[in-house]
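In structure tokens below, several structures.
Here chain A shows up in two complexes: once beside chain B, once beside chain C.
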Partner chain A sequence: MSCLLLTFLFVGLYISVGATKIPFLTVYGFLVDHILGVTYPIGTDEFLTDFVIWEVRLPRVIFALIGGAGLAVGGAIMQNVMNNPLADPYSTGISSGACFGVAVAMILGISVSLGSQTENLGVMLNAFIFALIPMMIIVTMAPKMNSSPATLILAGTAVAYIFNALTTVLMMSTDAETLAVVYQWQVGSLSEITWQSLPLMAAVNMVGIVLAMLLSSRLNVLALGDDSAKSLGLNASNMRIVCLMVISFMVAAVVCYAGIISFIGLISAHIVRTILGSDNKFVIPASAAFGGLFLVLADLIARYLSPQDAIPVGVVLSFIGAPVFLALIVREKRGVW
Partner chain B sequence: MGKEEYRRVMTRNRVFIAVTAVLAAVIAVVSIGISHYHIGLVESLEVIVRHIQGVEPVGFEEELADFIVWEGRMPMAVAGVLVGAILGVSGAVMQMVIRNPVADPYTTGISSGALFGVTLFVVFDFGIVGLGSQFGQIVNAFVFSLIPLSVIVLFSMFRKVTPALMALIGIAVMYIFSAMTTLLKYTANPDDVAAIYAWSVGTLGYVGPECIPFLLVAIVALMVSMTALSGKLNVLSTGENTCHSLGVNPVRMRIVCLVLVSVATSIAVCFTGTLGFIGLVAPHICRRFIGSNARYLIPASAAVGALILIAAECLARSVGSFGVSVGVITALIGGPLFLLLLLGQRKSSW
Partner chain C sequence: MYKTKTIAIAVVAIIIVAAAAIVVTSGSGDDDVVIESQLKVFGNADGDYDVDAEDLQIINRITSGIYDSDEYPMADANYDGVVNGKDRDVVQKIINGEPCTVYHYNTCTTGDYVVSTKWPVKAAVSTAASNMLWISQMAGMSDMIYGISYSKSSPPDPTLFPRFSEMPSIGSSSTKMPIENTTSYIKDYGVTAVLCDKTASTVDKGTVEQQYEQMGIDVIRVNPALVDANEYSSEMFLLAFLFQTDDRCKDVAEWWIGLQDKIESKLEGVKDKKTVIACNGVPSGNGMWLSAGTSDYKQVVEKAGGIYALGDEVLTQYTSGCYFNWNDTWLYNYDIDCIINIKTNDWYSCTVDEKAKYDECLGIFAQTQAYKNGDAAVVVGDAPIPLRILYSAVALYPDLFSEDWADEMHKVFFDRFVPGNTVDWDNAFFMLTYDMVY
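Then we have the complex of A and B:
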């Protein structure tokens, strides 16, 4: 409940901060007016404000909210499934795959979209499809190897290294400017978000989060170990693969629009666990709420410090998140892992 | 397991270690003969022998050959073996100490700390010691790479820290450093960014003869201490409770190992940049063949690490003028091979 209230406040604050300053309270007025169907004559100040709020900042804040939630939940599930506190949503190589896709699109000019659409869409599609490749490799390999979490995560890491190396080859062969563009994409940013970015991302992540909540009791069983899971009637390896696929789609949908926003997926679940303990019934919804708020807050600070989007949101995430996490570790007595 | 079988396994382990070590040495020698200068293996070896005997090179051709071999390829071959061994051992110990299969030598944040040090140096010319350019960068990398470790040690002095928490603290500090590096890179010009990027990929190309003593000290210290501690490392990997009942202080043991390993890795990193994958994969390959006993795992990881790095370096150099770095080759060839290895594995060694 308090989270909802905070969300409401943050959203308002978020929209009011930026290159054109809009007073905090009027934001809500404009939002309500827009929903009620009030239109302003073109060219007036009100029209401009309405445009900035509705077309630029609202989609971005919604994206941050849902995307952050998706990444955080992805991290929580991945840590659970892999039985590894160091896992994050990108652990199985999703980010490396996406990166390679972007590098292929930008440096070699090859994209999956068959060239008919705009360049931007090609880059995005490439990111989305290449992000799913590592997952496919692991899923096809899984039945043929022992599917202990250690093996799965190692396979994922190996795949990640392979894609990173391929990206490096491409990046070494290109000029400094293209390098900078690809690099910027690697750092992650919300500056390109429009209404068009929302439907796919929001749908996939909402479904994913709901699914995760439904599966939370099974995730708890899985955390007990494969043997206990078996005796409680749960096929651990199948469960892992299903979770892996769900996470991959969720994360790929975020990554292809926003680049690789790191840290939030790793840290949100840990912060939530130090406060609430490790029961997934609470960890997953709480991670979702925390992740969403965290990303909105970080992007808010990034835009406040630099209205022209010069500071990537990932940097702010690290600067706030890491000290908070360290402080929590110092204060917290019980060990969650 | 009967006594006979135990002996057999132990012999097999020793053979595995010996074979990989010899293989690494042979490839290292062969690597001296590979480069785009036309100086073959035999000729290179002759140059080395003459240099050792103290014969002065006569004429420009011989002087050049002497310089190329003695200042360039020799140190690269030796450093390749030493760095590979350091990374292999560090990875093995780190995985045992942190009790996590994805731990690698950089888990305590060494890579991002070092990268930040290098970035500071490249972008602002800020060096901790204001000496010559190459040297200042190396010192920067070394000092900054140990900051995350000191944070971990600081934390574990004030409260009980589980292995997972140690790694998480390292990662948190790591993210702060990467964030700062990112910010600095945004202010830097593209050429500086490219230089930093090249460093972060890792290469043996910067290694000169003056690095060898440092690396040698690091690997010898590491091997001696870890061999001495290998019994305790075995106890450590069985869990906290066993440690107490067998009289091993797990917290102190972890910190000691972490510090030793991190300092050795930092020495390697400051000369070569962050060579990934080897430290992660070498111990896993060894576990697959010889099991998880630290007494054999540590020397085996050293041998396999050295083998991977020097073999990749050979390949990278014989691919030639494309300028493909060692890191890329290790991942591109080592990655699929490692996946194949995982496929063949029936039971997990974790």
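Then we have the complex of A and C:
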């Protein structure tokens, strides 16, 4: 209940902030009026305010909530299945793989497409397919790297570098127009989000979050180790692969619209575990709530600092997440594991 | 005797007046210019550069069955697929200057498309790449632009665009026009249109443009980088039509087409055209960017009478050029008579360090035969396109086109079409050659 209230307040605050300042309570008035079907003559101040709220800021904040939740849950699952407190889609290279898939679709025009109506789905499928590559590398290498969580993350970082380099090679060969679009993806930004961006991303991430919640008890079993899991009747390898594929899908859905959003999964899951412990029955939904609000807050900061949208949310998250990431590497706190 | 003297004085006076009239009216030679530009607005039935009574006549003849509407595709003024009395009404409103909705082509990299615009446009915001500001200036409607969007690293030149240089940027770059940032301009100035260039990702055609249309704000796209005078003027006439600055635009079009005709007539006598390459800027980590392929700088030097030395074989990575680095040698295999760097920045502020600029812009070509022969020049890239062509022609054929003449035409252009400019013409120069520097 408190999470819902907090979300309600954050959404109002988010929408009130921007190049056009809208009073906090006025936001809710306009939202209610719009839902009730109130319309305004085109060109009037009320029309413009309603338009900015409903067509510009509302889809963006909803995307941040759902996308942030999805990335946070992805991070929580990944940390659980990899038994690594530093794992998240960004640090393991999955986001970079997905971004490369987007670049292939955008620059080379090669994508899995079922027709003009499913162009977005094609780009997302591209992102998913290429996100699987770092995922498979991580799955293959993880059993061989038990010495230190940081080692696996270094491997993930190396994979991320490879895909970032491949993306850069593609970017070097394209025209300035496509280059600017792909660069935006590499940085991570919510500035281009519209209502059209939501359906596919929301569907994939919400299904993924629900699935994660349904699998929470099995994730708890997996956290005990492969041998314990086997003795309790759980096929750890299959479970790991299923979870990572679900994460790859969720990440791909976010990346293909907003680009690489870093550190959400890492920070959210960690903070939640610090407070609630490591029972996934609570960690998964709490990470979802925290991650959504965290991304909303980060984008709010970005928009507050630059009303012209010159600072992408990915930059703000890197400024916040990188020091946290470093602190976690140094401490390698495994108390919650 | 007295009568004879009176007659003689009268004849002399008439001759003097007639001579003065000839001098005044023949100063620009604009009246001899034929404008072949096309106004891409539906209702412009005859396909010339304006909407007038002749178009109304054609529509009347189509509606009465004398003419076939298929032969006049632009006669459908309200773009409803039929040419009838409604189209006549729209054209009549345009002629009368009454507000109405007009349909026209937007130029776009993904294909030109038809849009509607509330006419006339009285207030707009615009993306502020230099070429966009120039086309607005030349079309005579820059006073009706109340907001611009540019990147902090490339603000409008204060000497060329004093009014624009004082405006804060709406977005973070010259390709973005964030909707919520524009709403204050819509409220304060009654902005009804957004101007941008033809690139589909500028004011993104698929998302942002659709949102603007939902708000009742029209998005107008033009190509401000065309090199041919008539083609450029077509884009200019569109803006002038929408903003009702047709007369001014016609003056500019006549001036430029006249200039282009003069250049072409002088070049007709050239039997062996020179081979040339164009570049812009200074070398970066990858080397110097050489224009080729689809580059408009290549078209500038071709319009100036050059034969482009680089073919499509150099387009191994990019479609509009390639890099030549300090250690590269491939360029020496080409027969290049002249190298022209079309460089922006500092020309109009008269702060150019001649030798430094020349070395910076052309030093990388020091081993080419063109450089060694002294046939490498830097020309002003901040100027509007006709003047870039002019100075390129001077660099290519100094025997045919003098720098003094180019400077004179430059000043004429500014005096006529850039009112209030503060250029220090006595100290400004707009090209650098080897002889000037060394």
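Definition applied: the second predicted complex is superposed on the first by the 234 of 337 C-alpha atoms of A that agree within 3 Å, B and C clash if a C-alpha of one lies under 4 Å from a C-alpha of the other, contacts with A are read in each partner's own complex, and residues count from 1 in each chain.
The rule is simple: a residue touches a chain if its C-beta (ideal position, glycine included) is under 8 Å from a C-beta of that chain, and two chains touch if they have at least 3 such contacts.
Because the structure is a prediction, the values reported are computed rather than measured.
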{"item": "Residues of chain A touched, compared between chain B and chain C (which is higher)", "value": "B"}
{"item": "Which of chain B and chain C A:103 touches, first, second, both or neither", "value": "neither"}
{"item": "Which superposed partner A:158 touches (first chain B, second chain C, both, neither)", "value": "first"}
{"item": "First (chain B), second (chain C), both or neither touched by A:295", "value": "neither"}
{"item": "First (chain B), second (chain C), both or neither touched by A:270", "value": "first"}
{"item": "Partner chain in contact with A:65 - chain B first, chain C second, else both or neither", "value": "neither"}
{"item": "Contacts of A:166 with chain B and chain C, given as first, second, both or neither", "value": "first"}
{"item": "First (chain B), second (chain C), both or neither touched by A:310", "value": "both"}
{"item": "Shared chain A surface residues [contacts with chain B and with chain C]", "value": "172, 177, 180, 310"}
{"item": "In the complex, chain B residues that touch chain A", "value": "100-103, 107, 151, 155, 158-160, 162, 164-165, 167-169, 171-173, 175-176, 178-179, 182-183, 185-186, 190-191, 193-194, 197-198, 201, 276-277, 280-281, 284, 323-325, 327-332, 334-336, 338-339, 342-348, 350"}
{"item": "Chain A to chain C touching residues, read off their complex", "value": "18-20, 42-43, 45, 47-49, 51-52, 55-57, 172-173, 175, 177-178, 180-181, 191-192, 194, 196, 306-310"}
{"item": "For the chain C and chain A complex, residues of the former touching the latter", "value": "109, 169-172, 175-176, 178-181, 183-184, 186-187, 199-201, 204, 207, 211, 214-216, 317-320"}
{"item": "Chain A residues touching chain B - in the complex, by the definition given at the top", "value": "84-87, 91, 137, 141, 144-146, 148, 150-151, 153-155, 157-159, 161-162, 164-166, 168-169, 171-172, 176-177, 179-180, 183, 187, 262-263, 266-267, 270, 310-312, 314-319, 321-323, 325-326, 329-330, 333, 335, 337"}
